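Reading through the structure tokens given below for one structure.
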Amino acid sequence: MKTLVSLLIMALAISACSPKDERTHVTVQRIFGECRANVPRDQAPLRNPDGECEILTGLIDQFERENPDIDLTVNIVAWPGYDQLSAQYAAGNPPDVVSIHMSSMPDYQSRGLIVPLTAELAQVGVTAKAFTPAARQGVTIKNELYGLPFDNWTPLWHINTGLFAKAGLMRDGEPILPRTPEDLLAQARQFKAATGKPYFVQSMINERAAYTRNLYTYLMNQKAAFFEDPKHIRLNTPEARRIVALFKQIYDESLTTKDQDYSSATQGFMNGQGGVYLVGTWMIGAYEAEANTPGQPLYKSYTVKPYPMLFGPEQAAYVDGHAWVVSNRERTPTQNEAVRRFLKFLYDHNYDWSRTGHLPTVQAVAQSPQYLSLPHRRDIVALSEIGRTLPSEVQRQFAIQDIIGDELFSAIAGHKPIEQALTDAETRTNDLLFHLL
Amino acid sequence: MSALDIRNVTKAYGPTTVLDDISLTAESNEFIAFLGPSGCGKTTLLRMIAGLETVDSGQIHIGGQRIDELAPGERGVAMVFQHYALYPHMTIRENMAFGLKNIKTSKTEIDARIGEAARILEIEAFLDKKPGQLSGGQKQRVAIGRAIVKKPDIFLFDEPLSNLDAALRMRTRLELAQLRRRLKATMILVTHDQVEAMTLADRIVVIHGRKIQQVGTPMEIYGRPANRFVASFVGSPPMNFLPVTVSGAKAVATLSDGTVFATAITNLPESRSWELGLRPEHVRVNDTGVSAKVEFVERLGERTLIYARLSDGTAITAEDVGLSRLNMGDEVHLSIDAQAAHLFDADGRGYHAETA
Amino acid sequence: MLSAKAKTQLGNFLFVAPYMFVFAWLLVWPLMSGMGLSLFKADLFGGATFVGLENYGRLLSDPVFLQAVGNTFLFVLLCVPPLAIIPLILALLLNRSTRVAAFFRGVFFSSSVLSVTIVTLIWRMVLIPDGGFVANILAVFGLPPIPFFSDPGIVMGSMAIITVWWCLGLPMMLYLSALQQVPQDIYEAAALDNSRWWTTLTRITLPSISRTVVLVVIMQCVLQFQLFGQPQLITQGGPNGASRPIVLFIFEVGFRRWDIGYAAAASQILFAIILLVTLGQYLLTRKRTGDA
Amino acid sequence: MSHSRNQKWREVGVLISLIVLGLIMVSPLIWTVMLSLKSNGELLRSTANAFNPPYTGENYAAIMANSGVFRWLLNSAFVSTLQTLGVLILSSLAGYGFARLEFPFRNQLFLIVLFGLAIPEQAVIITRHQMFADLHLHNTYPGLILPGLAAPFGVFLMTQYFKAIPKELDEAAMLDSASRFKIFWKVLLPLTLPAQATLGIFTFLASWNDYWWPLISATRADMFTLTVGIASSQINFAQTSGLGYLMTQAVFASLPILIVYIIFQKYIVRAVAGAAVR
């Protein structure tokens, strides 16, 4: 036992002390997983080259290669990483640069935990004007940029065009999409009758975010101002009831899968279990790869579209996004310089990141032929113009999303009347916001 | 100088006094037995000598030195525990060496002492075994051995035989007696078994109700019990007690049925009431005498015990010959050896005939 | 100058002092400061205003919290009886010194070595209606999948199943050790009295190990009132809060909403509940068994 | 005759029910191991063929390629070992003190420690986190090891166990001129070995499997424990191909402790069984 302990101590001592170096140290914290096995240092990824993890691992390698005077300590944390980040801030020892969701930025900004970046970015030649409207809105709080937007993402209709064809829902190689709720139900019934499969593939189990995002998007579609001010939500409205009633109808008629959680829904769509999968931009790469693999259920049978507008003509979309923020903590001027260089590097490589399927945040990238020649991007790029996050002063968007998703599932699955669920969601959200400090 | 000198020792647990102003001395090489019913404080007294209990007031001296404030290990005593208290994870040798090592005895000395003790106790064969592998009797010897090697001034035995079966107890008792002769050390034995006390001790200390009732040789305790408690506690079957009235200088006792005995007891003080104490061997079945009805017959072989009741309802135990023909329900006559009788006054104090 | 007795007692205290220090420092003090904190409206990142008992008032009218309290009691009720009985049955079956018994003891204890993250990872895959292990088996018999995690009426039962599977090793061991203490001669006497196995079980075995049964029940109650990892990692408390226990509520309020005064107040209530329930059980069983 | 036949049938019944219950017990584990040996691509299509080949070691290779994993393994081993030693030492000392020695407020203190059993970890985690932040203990080994030392269960167990040892042994040792510490160390402690084994195993298991405290205290990758580290490498949403990898993580994280368990199984079972009451 004694020898075991002393061996352990020795091993730890050896691994703890590294040779002294002159480099500037900066801590970077990110989600997106660990995939060093796929990405040998300074080589192209062995597989899945368009994956989030693979691209980001490669980018950070590249940054270190190009900036030998900077040493990045990369902390990879489990998604979504906020428990750890909050703990780090509470302990007064946060990472210098960290990837968070735009929807979480108001929380950290309101506590002064992250620093404004307008001036910092200007020093490396990046201004707010360079960003797409959706990105700009997402990182701007009180006219200050608080983060470098990395991407926007939004739920989309991922479509199995093979099954759509079988159901007679294709015209000129394009899927026929509904324009009204009645359209949707009619097409869904037609689809089910023809294919024997549900029209929608949805993650229904242990899911909250998806319901809420659907609701936000279709509320925006109806121009409903559900946040009149950052402290109050209004949900028990005709607009919201209409949306929930529609999804409940779909559920009641089994026009959707019901028993799947996120990963089985993701798999299910890939295996051709339904017509439309309501999921985010991040799946485009993986499904496109399937579409190009002969013999797979999705082979030559995949396309992706923005949510069809069911309640009005104007295209709208609820978006969120990833942004890099800088912690409010002591740093030397050289460290600040290193942080700026890192942000500039990420800005410069926005196109690389957009290969994941996420919407680019840099206007020039969004308009570049290079980006637009990527599969399906022409269909969705408009969302980086018209997509909207929640008002940037709304705090606790994650918690609110959970509350609303919770109640929406109750309504859709029939555990609660719709009105009741929406009232409860409204009360709980406003109670949460009321008790913010 | 006495080997052990206990002076006015008192001990209480909270509000309960268990020993009240106890004084006692023991001479060197003397074997003393503390005898009394369970819970009488005899073990507490022993443990105070050992240092396992504190002394509330009073002093204890060993060999002229005050020891009641010393740690147990510094008092020069060794103790044999009721349940042996052998260290289960140590070999017998280690068990015996433990105390010596603690006082930094040299290795050769330890080996020599263990060797000698093992020889005396005939436990050489299992010195390297652990206590768990030993029988009860063997453990007992080891426990004694562990005490012997320390060469203490006083040996303390806490009911050492109570865990042994009857046959083994008898044998160990004998061995203890022999050992005692060999070791020539002061020994104190706590027991509730009067046979043990009678056979082993030079003097017996009878303890009851927080007090020492009597200190004396076994025969003094048996023959001249200081009070009714001692008389009733020592002796088996116990002494008979008969209510009597007493008159005269050479006391004449009268039973309730009018039977009159002339005892050999003189110089009695005044007392509200009297009881006549008679050991069963002094009440014999005979053709004449007090009449009684037999309630139970206990045949012991060499003698027979008769449990009977007098006409006034007083219970009495008598002795008959081994081949007694009496049966339950028989009417018998009991002859009483009045010369051997004892008298107890209202306070329980005993009065005995002067012996030659 | 200390008296000899005081010195001895000080020396005696030194044996417990290291633990008492750690206990006071790392458990009592945080608990106490938590009690203090519960009287404040306080933010995880600093800043607090005194609000008296307002947090407690808020809790008692917070339907989410009240639901969490109900869920927790439901879970304890669902989970503790099987955790008291199934391990007992296993122990009765395995109370013999054969190789087979040793092997099975190992089998039933094996789940206890896993961490909650892994247990939930495994069971999510086992119970998920779409492609899960149970669903695959049900499909063989042509049965529809069971919505283990999405039906508010079933979800706590699913948590209980997972928990029983995970936790039954320790009670089984405790029962086994208790059974080994029961003197064999009682059984021999019972066999001579032509006692049937059921009679032997209820009249001899169970009374002999009643203290262990009480120990297991109290221990499991204390443990299961603190349910957290299973729902946190599988359902995040859903659907609609049906699997949110008190500890998850505390965690969400404190670490997700940063309302640490409110979280602290909920913690005190949980502490009080556990204390009352265990004390109550202890006193009840003590009275009944006549202070055995 | 009929009696012994009954007996035999009963044995068979016991065996069959054990096999059935045992299968229910281990089938999730076996299933997990099987999934971990499947290629992610295949699992994407169906999980129904877990018990049929082909199998692959690619998921294990992927985990081993993770630069942090051995560091995390070492961290876990170090933290769990030291925490276990600490708990054993503190609990034994305190257990002896509470069971055998006299000092003021002994019974009151012990009662308070018993109350401590009812303190839920989550009730103190936030304030303790703040306290450790003030002391700069986060991302340090003491920060990971210390909280586990406060758990009252060990003291409770050891006190009960010391109480069960006959007091005569202490007294014999006192008469053998042994000091308090020597009595504790040389005479009583060796007799508590079964309890030490039980307590040690449970402390080690709890420490190895702890998730929440390491998650919020060790936030630097080089300080992660295995559970936190492996959770952090979980590839998320965009990756649909992770099921086999996830299961491999589960197997890998439990593997060290399962191996320890299998090696010591016999001893553990005996120790646990011997400890609870004696």
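A, B, C and D are the chain letters, set down in written order, and residue numbers restart from 1 in every chain.
One rule holds in what follows: a residue touches a chain if its C-beta (ideal position, glycine included) is under 8 Å from a C-beta of that chain, and two chains touch if they have at least 3 such contacts.
By chain, UniProt protein names: A = ABC transporter substrate-binding protein; B = ABC transporter ATP-binding protein; C, D = Sugar ABC transporter permease.
Predicted model only: the values in this text are computed from it and were never measured.
Look at the CA centroids: the one farthest from the centroid of subunit B belongs to A. Centre-to-centre separation of subunit A and subunit B, using mean CA positions: 91 Å. Mean C-alpha position of subunit A lies 37 Å from that of subunit D. Centre to centre, using the average C-alpha position, subunit B and subunit C are separated by 56 Å. Shared interface positions of subunit D, defined as residues touching 2 or more other chains, are 46, 216, 231, 243. Listed for subunit C are residues 44, 131, 255, each touching two or more other chains. Screening every pair of chains for touch gives A-C, A-D, B-D, C-D.
Residues of subunit A that touch subunit D in their complex: 1, 4-5, 8-9, 11-12, 15-16, 27, 31-38, 48, 51-53, 73-79, 83-84, 87-88, 90-93, 262-263, 266-267, 270-271, 280, 282-283, 285-286, 356-357.
Put simply, subunit B touches subunit D in their complex at residues 47, 50-52, 71-74, 77-79, 81-89, 98-99, 102-103, 146, 150. Against subunit B, the residues of subunit D that register as touching in their complex are 166, 168-169, 171-178, 182, 186-187, 190-191. Of all the residues in subunit A, the ones that touch subunit C in their complex are 82-83, 86-87, 89-90, 107, 111, 113, 204-206, 208, 257-261, 264-265, 267-268, 396, 398-399, 402, 406-407, 409-410, 413, 415-416, 428, 431-432, 435-437. Considering their complex, residues 44-46, 61-63, 65-68, 71, 74-75, 77-78, 81-82, 85, 129-130, 132-133, 138-139, 141, 215-217, 219-222, 228, 231-243 of subunit D touch subunit A.
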